[in-house]
Structure formats: C-alpha cells, structure tokens
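Got some structures for you, see below.
What follows is a pair of complexes built around chain A, which joins chain B in one and chain C in the other.
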Partner chain A sequence: MIPELGHIILITHLILCLIGGTMPLLAEYTGLKIFQIPIKKLSVFLFLLISISFLSLVYSFLVDDFSVAYVAQNSNINLPDYYKFAATWGAHEGSLVLWILAMNAWIVGFLFFTHAKDRDFLASVFSISCQVMFAFSLFTLFTSNPFERILPIPPLNGADLNPSLQDFAFTVHPPLLYFGYSGLLIPFAIAVSAMLFSKETKEWAAYSRPWTLFSCSFLTLGIGLGSWWAYYELGWGGWWFWDPVENAAFVPWLLSVALFHSLITSQNRGIFGKWSILLSIFAFATSLLGTFLVRSGILTSVHAFALDPERGLFILGILAFFIIGSLMIYSIKDFEHGEDKAYALTSKEFGFLLNNLLLVVLAVSILFGTIFPLIYEAVTNGKQISVGAPYFEIILFPFAIGLGLLQGVALYLSWEKSTSFDFVSRLLIESTSIFALIVLVLFVLFDNLYLNSFATIFLASWIAVGTLQVSKKRNLGYWDFLRKRLSVTLAHLGMAILVLGVGVVSSYSLEKEIILAPDDSIKFGDQVVKFESIEDSLGPNYFSKKAVISFDDGKDVSNLITEKRTYSPSGQLTTEAGIETEIFKDLYISMGDNLEDDIWSFKIQIKPFIRWIWLGALLISLGSFLAGIKQIRRLA
Partner chain B sequence: MKKIIDVLPLAIFIGLVVVLFSFLSEKDDQLETVLIDSSFPEFSLKALSDDSRILSKDDISDLPALINVWATWCIACRVEHPFLMKLKEESILKIYGLNYKDDKNKALELLKRDGNPFEFSIYDFEGRLAIDLGVYGAPETFFIDKRGVIRERHVGVIDEKVWETKFAKYLDE
Partner chain C sequence: MNPIRKQRLYALIAILLGSLLATWLVVSALSENMNLFYSPTEMKEANINQDVLIRAGGMVKPGSIIKSKESLNVSFIVTDYQNELVINYQGILPDLFAENAGVVVRGNLGSDGNFNAIEVLAKHDENYMPPEVAKLIDNKK
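Coming up: the complex of A and B.
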C-alpha cells in the first residue's frame, strides 16, 4: 500500500507542478484573475507532497519491501538500518525523487525569504521552477519509477546496496550535491523571469545572489565529501581523479562561483546584467548536462548508474527545452543599453571581469576535455582515447595561478578606480615571509624541499595575506573588520588553505607497492612498516580479511588496519584503507592481492597536508553559506 | 551586429545538443548490433553442475536455442525464471544457461528449488564468455539460429511479450 501511496502522491505532485507552472504566467499575460493562485501556499503543499512521496520510499526500504523493484535492487535484508535509509538515494530512481525534493525546498525558501514588492515577478520565478520540477517528475515517472513493483514473485532478500556506498561520507555526499545542483534552478528561474519582466539589473541580481551562494556552498561541501570518500574508500589514496562525474560537478561549481562574483557587480553597479543572465542559464545547464553525461551511459566513470539510452534522451530533452527556450528569449530580448558605466583597469569591476573570464574559460576547457573522448571516437570511427589528469592539470595550472594572484589583490580594489596601491609592497613582503616560513616548516617536518611546490605555496601565502591584511586599507579595527566581513574572509582563507594542501600533497607525497608476509618489515621514508597480523572477521553483511600493519617512526608506533571485504549478497570486493591522521600528514595503507598463503601486496603512502584540502573546502562552503545569509538579512 | 552576439549562445548550445544527441543514438545502435549476425564465440568453460565437464561451443548442439545469462544475485532473473520454465515445458526450444559471476552452490540450490529450464549451464565465474558476448549484466538473452549464428539479443527480463515481439519470428525461419 505505502509504495502505491508514494506513487500516487508523486503523480499528484506532477499535476500540481503543471498547474503551478502555467497558471501564474497565464494570469500575467491574460490579466485574468481566475488564473491567480496562492503561490506560497502551493509551494509548501507541493513540498509536503514530495516529502511524503520520498518518505514512503524510505519506509519501503526500512521494512524491506522487496516487491518494490528499486528496493530489491538496492537493499538487502542484512543491510544495517542506517544504510537502508541512505540506500533510498543510492541509485538513479530514488536520487531523482530526492532531487525534486531539493528543488522544491529551494523554491519554498526563495518565496519565503525574498521580500519583493513585485508579486508577479515572484510568481514567474515560481512558475518556471514548477515547470522544471514537472519535467523532472515526468522523467521520474516514465523512465525511472522507484515505486514499480516486481509481481507476482517478489525476491526474498534483495540484491544489496553497492558496497562502496555503504559508508558515512557517501550517504551524505549525494544529498548535498543534489541540493547544490538543484539550487542553481533558482538563479536560472530568476534570470528568465528578469528577462520576461525586463527587471532592472540591480534588483534581480540582489534576489539571485543569496541562492547562488547557497548552491555554491552545498556544491563545495558535496564535492569535498566526495573527494574525501574517494580518498579513503577507493583505496588509491588519490583525492581527485578528473573522472567525468567529478568534472560534471566541478564545472557548475566554477560557474556558480563566477556567477555570484558577477552578481556582486550587477547588484552594486547595475552592470554585467546580460552576462549574469547568461551565466545563470549556463550554470543551470551544466548541472543538467552533468546529470545527462552520467546517467545516459555515454561516458563511463567510477560512478556507475543504471544506464539507459532512453533516460539520456529524456534528460537531453529537458536540457534542450529549458536552455534553448531561455536562450531564445535572451536572443530576441531588447536589453536596455543605458547601463554602460566606465571603469578603470584598476577597478573592482575589472577585477570581477577578469575573475569571471578566467573561471568561465577554465570551465569551458574542463567541459571540453570531458566531452572530447566522445568527439574523438566519433571522428575516428570508434578509436577510443581517454583524456586524463595530465591534460586537466596542464590546463588548470595557469588559471589557478591567474585566479590566485587576482584573489590576493581583489579585496583591495575599489569600485570605478583604485587610487592607492600602497598595499602591493606590503602584500609582497608579508606573503614572501609567510612563504619562507611555510617552506621552512616543511623542511623541518619532511627533511626535503621540492621546487615544484614553491609556486602553489607562494600562491597560498599570497591569498592568505591578501585576505587577512585587507583591513589596513579601511579605518576599522582589525577584528571588527574581519567580523564584519567574516564570510568573505572565511571563504578566501579556505581557498588559501586548499591551495596549500594541494601544493604540498602533490609534491611531498610518498608511495610504494610492497609485498609482505606476516612479521616482515620494510623501511619507508622515516618509517619502519611491519605486517603484524592477519585475521578473518565477520561484518553484518560481509566477511573480511583484516590486516594489522604498524608504522614506527622511531618515536611513536601507530597500528593501521586495512581490510579486504567480500560482501555476501553480491560477492563484490571492496578494500578498506587504513589511515592514521595527524595534523601535518596521513599515513595510508591499502591491501592489494593475496599472493600466496598469508603473503599480501600492499600499497603504502604518506600524504602530507591532505586534510588541509578538505578543511579549505569546508571553510569555502561555510563562507559562502554565511554570505548568503548575510545577503538575505540585508534584503529583509 | 549586436544581435548576432545575442544569438551566439543559442547557436553554440544547439550545436552542443545536436552533437550529444548523435552520440546518444550511436551508443544505442552499438548495443543492438554488437555480435548480431555473427556466429557464437568459441569458449571453453566448466559446467555448473559438474566441475570435470569442460563445455565448448560444440556442446550447444540442439539449435535453434536461447542462451540466457543468469545469476542468483540477479533479482530480475528470478522474475523471468517461470517464463523460461514454460518455454522448456512446452518444448518450444532448448535453452542454455550462462551462469554469470555467481556462487556455484547457491546457483545449484536455486535450480533444485525452482526448477531447471536449462539443458546445461556454463559456469562463467570470471565473466570470460560474457565479455566475448558483450554482456551488459544479467539477465540477458541471445537467440542462436540453426546455423549457430546470433540473431537477436535482449537486455533485461524476457517474458511473453518480449518473446512474441523479438524472438518468435526467428523460430519459423
């Protein structure tokens, strides 16, 4: 009964979305009162519906209702309850319901926290959002219905949730990402409505900014968690793989960052209006494009979803309908040209322009690298090529340098024209000193210097000093100033920490493949690595080989446990890495193959400063979230 | 001049959609045409029921026949199981199983409990033959005609409807 209830409610949601998607626009263009509907109430009602639908799916998982095909495919009677709950969004069908739920949540948030006098404008934003939700609900019901039953003979036990997803980070990572992706719906709907209503740039940019910031915040957190998960779960010790799915999230992230910076200019100066509209459209487009690439099966990646060309076609249809539609409005719309305001090369405006240019070109290059294998395959009649980390790293490097240098000076710039450049010498001196200090610390810690890390370390110091010293420009106390600008300080400082982490981990890391029998030991850097013991153990839904390996650096001994698990329902193997975390480095070991008897191969690694990458991401996410809240308060 | 710039994003985006669409339809074709009208690949694998019996292509002798890729971990396979049993009971054609990446004991137990529609099952634990066949996952069903040529392939559950629309026509040839 419950799955049917969820199914019927999802259909109701679909129909109401159609009403919400058309009525307000009809009311606007016909002027007839009949079509006016209470949008706030409807948005909340829609949210209740989609929540109930989602909860009934959760319920089916919790009670092991394996007559529901989706539950049978992604859960198992022996799966711990917490993972049964998380399995709801563990695969394609359920994640779509969550996605719609997230979009709906954003719409409710937007309507309740945006204090616009122009009710028709809000109604239009609501209406466009409903249209997108309608398309997603249609997609879910017709190609990926999670409530479909297996009748007449339901299976007894269920196939199981993909074992590598049975993990804390991975249960939280998808919802955060979905909230991030779906949040970009709001700037998109605002941009389209702004065109339809010929809204003044300053006004609509103010409405759009907080929601872009929130999206960016969730995307950052989601991507960061995904990276952390990949690090300890996939057993390679890497934190970023330039996998198509990662790129599919990275591109909208870059565009959302570009967008909120551009919106700052639009809101304060009334310029870059057309550009902000285009960015809003394309940020949303790339978030849909990512979904398309991942779930149509045209690109292969570590993120395996059930693949189905029909689904790909449907998503492509949604993408084409909304993006072509909005770009058509863009191309025929007459924009007012009275906005051109002069600004100097030393102005804040120009800084934002440069920031946007770098971010957008970078995003396009990454998107190109992601799709290029497809183009190559088509042009050469089926020859396959993979564009991997080397391409992306070569591309990223100059942009990172440019963006970092810009970020260091950005906060000093003034609107129209910056007059004083006293800060430059001070910035140079202080960041060079910090740079020297960091290099010294690294030398003491790791007994080594790597020239190729100098550029990134300097960049990190430059950004950090540029962020923390900026108060000297104004006549405010240091701490007062930082408190006032807490959000931007946190976010920019987070970027400095992230850059430092990336720089150090990519040059100071050590790794080695070793073969050990129990009681064997081997020297690795300043550590002596010893294979202490191996034993069989039993988990709730898997059995495993557990190896204990000790790392001895002469002062402390740490015991790391790494596992090879065989999940019983599916027979899938996973490797659990053993990780010991310290402030400045991680010790990392993952189990390889069983060569004979108790002789195993292992991969051991030392990863300095790797935690700093995620700490940086966390601060960026927090900073953008606070910035969003601040913006909402300011508008209230 | 200003207008052309305004249309540019639209043009670029339409171009992108067209390119993606062409990839999509291409992928679709590839799935359908791979191995169709070519003869069944050679293999040498153990039988599920008997470790000492090595099966090869020549053992699939009673043609035309279906090759059904199945496993105990595959829920959809249990859905199509009764239909396969029906094909066997009505002696419509022979069915050969390809047991795919499975636990041998569980597989044998399932056949004992629910009935065995297969003449024999090839035990493909490592998925070797499955790779040669380009198997996507389980269940999957191939139709082999009298000459030993693969004529049709179906990914997913096979039931009355799939049988009628996709496979039955080859039986009359």
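Coming up: the complex of A and C.
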C-alpha cells in the first residue's frame, strides 16, 4: 500500500509541477486573471507531496518491503536500521527523489525569504523552477521509478547496500551534494526570469546572491565530506583522485564561486549583468551535466552506478531543453543588462573580472579533460583513452597560483579605482614572515624541507595575511566585525588553510607497502611500526580479521586497528583503515592481502596536515553560508 | 581613448591571454597524460611504444593469479576470450580484485610482451564493470 501511495503522490507532484510551470507565465503573457495561482501555497503543497513520497520510500526500507525492487536491490534484513534509512539514497532512484525534494526545498526557501515587490517576477522564478522539477519528476517516473514492485513473488531478502557505503560520512555526503547541485536551480531560474522581465541588474543580482552562496556552501561541504570519506573508507589514504565524478562536482563548485563573486559586482555596481546571466545558466548546466556523466556511466569512474544509456539520453534531453531554451532567450530578447561604467585596472571590478576569468577558464579546462575521452572515442571511432590525474594537476597549478595571488590583494581594492598601495609592502613583509615561520615549524616537526611545497605555503600565508590585515585595518569593533567581516574572513581564511593542507600533504607524506608477521616490526620515518596481534571478529552483517598495529615514535605509542571485512550476503571485501589523528599529522594503516597463516601485507602512511584540507573546506562552507544569511537579512 | 573603451580593451586582453595560456596548457598536458586503452587482442596486433604509459584490461582468468609469499609481487592473466595478457604488479591489490571480474590496469608493455602495471583500478561495487571491459565482452558475444 505505502509504496503505491508514494507512487501516486509522485505522479500528483508531477502534474502540479506542470501546472505551476505554465500557469503563472500564461497569466503574465495573456493578462488573464484566471491563470493566476497562489504560488507560495502551491510551493509548500508541492513540498509536502514530495516529502510524503520520499518518506514512503524511507518507510519501505525500514520495514524491509522487498517487494519494492529498489529496496530489494539496496537493502537487507540484517542491515542496521540507520543504514536502512540512509540506503534510501544509496542508489540512483532514491537519489533522484531526494534531488527533487532538495529543489523543492530551495524554491520554498526562495519564495519565503525574498521580499520582492514585483510579484510577477517571483511567479516567473517559481514557474521556471517548476518546469525543471517537472522534467526531473518525469525522468524519475519513466526511467527510474523507485516504487516499482517485484510481483508476484518478491524475494525473501534483499541484495544489501554496497558495504563501502555503510558508513556515517556516506549517509550525509550525498544529500549535501544534492542540495548543493540543486541549489543552482534558483540562480538559473532568476537569470531566465530577469531576462524575461528585463529586470534591473542590481535588483536581480541581489535576489540571486544568497542562493548562490547557499548552494556553494552545500557543494563545498558535500565535496569535502566525500573527500574525507574516500580517505578513510577506500583504504588508499588518498583524498582527491580527479575521478570524473569528483570533477563533475568540482566544476559546478568553481562556477558557483565565480558566480557569487560576479554577483557582488552586479549588485553593487550594476555591471557584468550579461556575464552573470550566462554564468548562472552554465553553473546550472554543469550541475546537470554532472548528473548525466554520473548516471549514464559512460566514463570510467570509481563511482559505481547502474549503467543505463537510456537514462543518460533522457538527462541529456533535459539539459539540452533548458540550456538551449535559456540561451535562445538570451540571444533573442532585448533585456536590460546594466550600464557601462569605467573602472581602472586597479579597481575591485577588475579584480572580480580576473577572478571570474581564472575560475571559468579553469573550470572549462577541467571539464574538457573530463569529457575528452568521449570526444576522442567519437572522433577515432571507438578508440578508448583515459586522461590521467597529472593532466589536472598541471592545469590546476598555474590557475591556483594566479587565484591565490589575486585573493591576497583582492580585499584591499576599492570600487572604480584603488588609490593607496601602501598595503603591498606590509602584505609582502608579513606574509614572508608567516611563510618562514610555517617552514620552520614544518622543519621542527618533520625534520625535512621540501622545496616543492614552498609555493603553496607562501600562497597560503599570502591569502591569510591579506584577509586578516584588511579586517584589522577597518578597525571594527568586535560586534561590527562579526556582522560585517566574519563571513568573508572565514571563507578566505578557510581557503588559506586548505591550500596549506594541500601543499604540505602532497610533499611531506610518507607511504610504504610492507609485509609483517605478528610481532614483526619495521622502521618507518621516525616511527617503529609493530604488528601486535590479529583476531577474528563478528559484526552485525559481516565478519572480519582485526589487526592491531602499534606506532612508536620514541615518546608515545599509538595502537591502530585495521580490519578486513567480509560482508554477507554479498561476500564483498572492504578494508577499514586504522587512523590516528593528531593536529599536525595522521598515522594511517590499511590491511592488504593475507600471504600465509597470519602474515599480512599492509600499507602504512604518514599524512601531515591532511585534516587541514577538510578544516579549510568546512570554514569556506560556513563562511559562504553566513554570507548568504547576511544577504537575506539585508534584503529583508 | 575613452575610459570605457580602454577598459574593454584591458578586459579583452586579459581574456585573450587567459584563454591562450589555458589552450597551451590543455594541449601540452593532454598530449603527455593521455592513456590509450588496449584489449589483449589489440595489444598483440598494435605496435606499442614501451615507454608510453597505456592501459589494458579484460577479465581476470580463473586460476591465473600467482602471489609471491615473500614479497608484494603478483601476476595474473587478463583475457578478452580471444587472447591473453600476463600482468605483473607489485603492491596491494584492491579489495574487489577477483577471478572472473573485470579489471583495468595502467602501466607499460615490457619487452617480454608482459604488462608491467603501476596501478590496478579499484571499484566500489562488485557488479560494476569498467566501460572498456564491458564493451570487450559485448563484442565477443
């Protein structure tokens, strides 16, 4: 019964989305009152519908209703309840429902927190969002219905949730990412409506800014969590692999960052109007393209999803419809696009222009490397290639340097023209001192210096000093600082911390693959690594070999536990890494193969400053979230 | 020149320089980091430069996995059901590596005709098939 209820409600949602997607625009263009509908109420009602539909799917998981095909494929009687709940978005079909739920939540938020006098404009934003939701609901119902039954004989037990997904970070990572992706719907709908209604640039940019910031905040957190999860769960100790699916999230992130910076200029100066519109369209397009790449399975990726070309084509169709449609409006309609204002090379405007140029060109280059295997295959008639991680690293490096240098000076710049440049010498002196201090600390901690980390360490100091000095110079009281500068300070400092983490971890890391028998020990860096013991153990839905390994650096001894789990019923193996976290480094060990008796291979690693990467991401996310709230309060 | 034209010129120069730099970077980075994929059959037919990093793949032949007891050396055979290729690897294999499962490796072709892998690709899911391998199997059916 319950799955059917969810199914029917999803269909109702689809139909109401069609009404919401057409009526307000009809009302606008015909001027007929009968087409007017209460959009706020409808948005809330839609949200209730999609929530009930989603909850009925959750319910089917919790009660082990294996007659529902999706539940049978992704759950199991022995699965702990918490993971049954999270398994709802463990695969494609449930993810889509959650995705629509996220879009709907953003729309409700937008309608309730945007205080625009122009009701028709809000109605248009709502209408366009409904059209996108309609497309997604249609996609879900036709190609990926989560409520499909296995009848007449349902299986007695399910196939189980993929074991590497049975983990806390995984359960939060996808929803955050979906909220981030789908949040880009709002700037898109605003941009299209701004063209249709020929809105003044300053006005629509103000509406769009908070939602772009929120979206960026969720994307940052989602990507950061994904990276953390990959680090401890996959057992390789890596934190970024340049996998197509990671790139598919990284590219919209870069564009959302570019967009909210461009919107600052549009809102304050009334310029970059056309550019902001194009960016809004393409940021949304790349988030759809990301879905396409992930769901169609046409690229080799560590992320396993059901491969279905039909789904890929459907998403490509949605993408083409909305992107071509909005670009046609862009090229045909003569809309308000702001004024031309003069600004000097030393102005804040030019700083934002450079920022956008670097971010967008970087995003395009990464996107190109990601889809190049497809282009190559099409051109050479089936020859297959992959683009290795070094490609992306070579591309990223110069852009990161450029962006970092710009970020350090950007906050000092003034609109139109900067007149005073005394800050340059102070910035140089202070950041060089900080740089020297960090290098010294690293030398004391790790007894080593790596020249190739100097550029990133300097960049991190440069950004941090540039951020803090500007806040100090304004001479704000404690309270004013919190109100005016906290968000930007957090976000920019977060970037400095992230850059430092990346720089240090990529040069100071140690790793080695070793073979040990119980009681054997081996020297590794300044640690003595000893295989203490091994035992069998039993979990709720797996059995495992648990090894205890001690790391002794002469002062402290840490015992790390690493496991090799075999999950039932799938029989799949997973490795649980043993990790000891300290402020400046992680000790990391993962179990490899059993050679004979109790002799095992292990991979041991020391990862300095790795936590700083995620701390940085967390601060960036927090900063952009607070900035979004600040914008909303400013509008109210 | 009036200020607005002047600033357009600056913006244009910045955009041109930026895209030129990016194009140059993309082309040079791509030409060095493009790894072609070969099936065991293609590997036999093609004339492959041993210095170039390539990828190979297929199904792991049952009974072909030989693990050393003293070191991390391992060798196995991948097959596309027409030809076979011996893969040598030193290191820990991913959890999902198994007989009769699809696998993709990255490395160089050795002078003895065997493949020296520097990376064996791991997957999240045991049912997942790398697209390259899935295509090989489809072709043979």
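Definition applied: the second predicted complex is superposed on the first by the 619 of 636 C-alpha atoms of A that agree within 3 Å, B and C clash if a C-alpha of one lies under 4 Å from a C-alpha of the other, contacts with A are read in each partner's own complex, and residues count from 1 in each chain.
FYI, contacts are C-beta pairs under 8 Å (C-beta built on N, C-alpha and C of every residue); 3 or more make two chains touch, one makes a residue touch a chain.
These numbers were taken from a predicted model, which means no experiment stands behind them.
Trainee: Does the superposition put A:320 against chain B (first), chain C (second), both, or neither?
Mentor: So A:320 only meets chain B here.
Trainee: Between chain B (first) and chain C (second), which, if any, makes contact with A:150: first, second, both or neither?
Mentor: Only chain B is touched by A:150; chain C is not.
Trainee: Counting residues of chain A in contact, which comes out ahead: chain B or chain C?
Mentor: C
Trainee: Between chain B (first) and chain C (second), which, if any, makes contact with A:328: first, second, both or neither?
Mentor: First partner only, chain B.
Trainee: So, A:428: does it touch chain B (first), chain C (second), both, or neither?
Mentor: In the superposition, A:428 contacts neither chain B nor chain C.
Trainee: Would you check which partner chain A:394 touches, where first means chain B only, second means chain C only, and both and neither mean what they say?
Mentor: second
Trainee: If we overlay the two complexes on their shared chain A, which of chain B and chain C does A:357 touch? Say first, second, both or neither.
Mentor: So A:357 only meets chain C here.
Trainee: So in the superposed three-chain picture, is A:557 touching just chain B, just chain C, both, or none of them (first/second/both/neither)?
Mentor: Once the two structures are laid over each other on A, A:557 reaches no partner at all.
Trainee: Quick one: classify A:374 as touching chain B (first), chain C (second), both or neither.
Mentor: first
Trainee: Identify the residues of chain A that lie in both the chain B contact region and the chain C contact region.
Mentor: Shared contact residues on chain A (touching chain B in one complex, chain C in the other): 297-298, 570.
Trainee: If you look only at chain B, which of its residues touch chain A in the complex?
Mentor: For chain B paired with chain A, touching residues are 3, 6-7, 9-10, 13-14, 17, 19-28, 31, 73-75, 78-79, 82, 101-103.
Trainee: Please give the residue numbers of chain A that touch chain B in the complex, ascending.
Mentor: So the residues of chain A in touch with chain B come to 66, 69, 72-73, 150, 153, 155, 158-160, 278, 281-282, 285, 292, 296-298, 309, 312-313, 316, 319-320, 323-324, 327-328, 330-333, 371, 374-375, 378, 569-571.
Trainee: List the residues on chain C that touch chain A in their complex, please.
Mentor: 3-4, 6-7, 10-11, 14-15, 18-19, 21-22, 25-26, 28-30, 32-37, 53, 55, 67-72, 91-93, 95-96, 104, 106, 121-132, 134-135
Trainee: Which bits of chain A are touching chain C when the two form their complex?
Mentor: It is residues 162, 164-165, 234-236, 297-300, 302-304, 307, 340-345, 350, 353-354, 357-358, 361-362, 364-365, 368-369, 372, 376, 383-391, 394-395, 398, 513, 515, 570, 572-575, 592-593, 595-596, 599, 601, 603 of chain A that touch chain C.
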